[in-house]
Amino acid sequence: MSRFLADARLVAAKDLRIEARSRVVLNQVAPFALLVLVLFGFALDADQRTLRAFAPGLFWVAVLLCALLAIQRSVSVEQADGALSGLRLSGMSPAALFVGKASAVFVQLVVLEVLLTAGIIVLYGSEVDQPLLVFATGLLAAVAVACTGTLYGALASGLGVRETLLPILLLPVLAPVLIGATRAFDDALGSAAVDGWSWLGLLAVFAVVATAGGALAFGALVEE
Amino acid sequence: MTHLGYLIAGWGIALGTLGLYVVSIIRRGRDLARRVPAERSRWLTSTDDGSRG
Amino acid sequence: MVELNAAVALLGRFPALTGVDLRIEAGETVLLQGPNGAGKTTLLRLCAGLLAPESGTVTVLGHDLAAGPERRAVRRRVALLGHSTGLYEDLTVAENVRFWARAGGLDVEPSVERVVGALQRLGLDDGLLDLPVHRLSAGQRRRTSLAALVVRRPELWLLDEPHAGLDQAGRKVVDELIGDAVAAGGTVVVSSHELERVRLLSPRVVTLAGGTVHRDTSS
Amino acid sequence: MTETMVTTGTTTGSGGSRVLGAVTLLGLATLLLFAFGLTEPDVRLHPTTGEEIGQFDAVRLLYLHVPLAVFTYVAFVLCAVASAGYLVRRTPWFDTMAHAAAEVGTVFCGLVLVTGSIWGRPVWNTWWEWGDVRLMTTLVLFLMFAGYLALRRATVDPRAAALRGAVVALVAVLDLPLVNRSVEWWENRTLHQKSTLGELKIQDLTLFTLMLGFLVFGLVLAWLLLHRFRVGWLEREDAELGVATAIAERRAAIDGGDVDAAVGEDA
């Protein structure tokens, strides 16, 4: 077990260190996230009231788009120069590898979510009524997206059409996360009268299944 | 009969698509069956248990 | 140590190995040669447990590689130096060597001395330690990859053209490294196009062609 | 028996499958007769105003739509079961079955969406009803299996395709209850079934026609699965033969002189 955690930490720390050096997510994906918020503003041709009403949905669509880029980056780090062969050759437990990769994506997603939250507050004039609900939703959804994305990144890895295949594979699977997180934010930001906390249950189930199932399935995929 | 256009469109599209799909499957099967010797088509022999490979 | 019987391996649908029979004893050094596309790289990857044999049997270090868990077990015990260097561009030389040592099963973080020692073994001075890999030349990268393997002390070495891209001094370092590995009781399989150099290392030369063993001489 | 032997080796048909095909076609003709000729349109009187209400002749689309929808789910569950079987046993039979079920299921699923939309226009007065649980679930399912087929097509290595496909199919089916639940909570204004089938004046003949629809489309599914499975099996055999040929060709093409020249050795 300690071996497992040590391996997972090793991989996560490695990915985060690479990000700290290359700043791909920070310098490219984060500005893209803000750009998406601005584009929604243009497209809806809206005053702040409309934007505020739609803010939860726009927020989570922006998160999913950024997550796609972060996952592509996480896969391409391993594809460059045969590192994936190296990781397979290391004999490291695939589940530890999965947890490590997913954790690194998770950390990056949380940073992006913080940035986007600031974005909707400033640009759309949203107000956070329930900070705790926003916090819990953000964490659970990030776990769900990071785990599913890491698994699907591995599924599409090594294919010439990875960039185009990943969205069509991943986004439909994440539909419940989008709906659940949007509804929870509707409550937390006060844009619709729903019970946001009950949606957290759905997100939690998704996150648990994605973590356990991902760790199991990742093993089978890396073995191939 | 009311809604005749909808009825024709619905049944027509469904049966038409299925028909085309059936034709494509039969065609693919013919092409392949010509290339693969009959003794490797397992549904033609009753003794093969299909666990080959 | 390594035993292949009529081993066939596919890349996609292409039969890269068309039936290989080969037996390598523990402590032996074997040189692989053959024209481009003969299957040398695939043979090394197969022995490393990265590929499943399509048919035939492959036994490495007592593991029958037909089964997935066995392939995984064998991967920990071998070192494969491939064409691609397997280094992270944005990490430094020291970070790469440490990461691969830990990933390869070393329980503790290798000491700085051990990393420096491995790099010095390969003729890299410690001024390079904190340089990111993308600043290195091709030859320096290859030496770094080798250093990452050296730190792990594997039982079976599979070296795919280790001399390629190195200067004369570098090639000599590789030869010495192979000598050391053999002296330490390791088994080494090296593929190379450098016939003269290869002959000096071991009497056993296996020539591959068309995905099979064309000639196996121990002269 | 002798008849089938004459034609073997040239089609995916067999004696049994031809009988199945003939029965299916006969059933389809009977279904059309009942759906369009013998059953009545759905007309009821409004309890208070006495107006004529109901689906009128649009109800005849349900004899097609409902069985297709049910067998879409049957096909996808079959695909998931076969995929799980593949992950456990790793035999080509399971993989071929999973691939066949996914492809047939995706065709069915697409038709469910199209026929549903065509039926919804006159009855619900909209092509697309966002709040409907089954509609949305079916759409997400369709997209997931479209991705499954795209992934399989993009993967060259058959073993990798089988493994990755199996994972995607299992994830899709496991995800389904979550999709369903989330859409259901999302908008609690489902129009489906209770407001349609439940209200229908289910006469004996209507019910019989619907059951006939289930039987006929069950046969259609069986025929398609059978033949698509055989196509998949032949594809695999063909690929194996191709590999065997390629191995023989490679080995035959080895030229000692060329090899020596390439490695720089004197013969």
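The chains carry the letters A, B, C and D, assigned in the order they are written, with residues numbered from 1 in each.
In this section, a residue touches a chain if its C-beta (ideal position, glycine included) is under 8 Å from a C-beta of that chain, and two chains touch if they have at least 3 such contacts.
Remember, it's a predicted structure, so these values are computed and weren't measured experimentally.
Using mean Cα coordinates as chain centres, the one most removed from chain D is C. A count of contacting C-beta pairs for B-D and for A-D identifies B-D as the more extensively joined pair. Chain geometry summary: the mean Cα position of chain A and that of chain B are 41 Å apart. We define each chain's centre as the mean of its Cα atoms; on that basis chain B and chain C are separated by 49 Å.
Each chain gets a centre from the mean of its Cα atoms; for chain B and chain D, those two points are 12 Å apart.
With centres set at the average Cα position, the gap from chain A to chain D is 32 Å.
Of all residues in chain C, those that touch two or more other chains are 52. Residue positions of chain D touching 2 or more other chains, listed in rising order: 159. A complete list of chain pairs in contact reads A-C, A-D, B-D, C-D. Within the complex, the chain A residues that touch chain C are 6-7, 10-11, 14, 17-18, 21-22, 77, 80-83, 85-92, 223-224.
Residues 87, 140, 143-144, 146-147, 150-151, 154-155, 159-160, 163-164, 167-168, 170-172, 174-175, 178-179, 181-183, 185-186 of chain D touch chain A in their complex.
For chain D in complex with chain B, the touching residues are 8-14, 28, 32, 36, 41, 56-58, 60-61, 64-65, 68, 91-93, 107, 110-111, 114-115, 118-119, 121-122, 220, 223-224, 227-228, 230-231, 233-238, 240-241. Every residue of chain C that touches chain D in the complex is listed here, in rising order: 8, 10-15, 18-19, 33-36, 38, 52, 54, 193, 195, 207, 209-212, 214.
If you check the complex, the residues on chain C that touch chain A are 45, 48-50, 52, 68, 71-73, 75-78, 80, 82-91, 95, 99-100, 102-105, 132.
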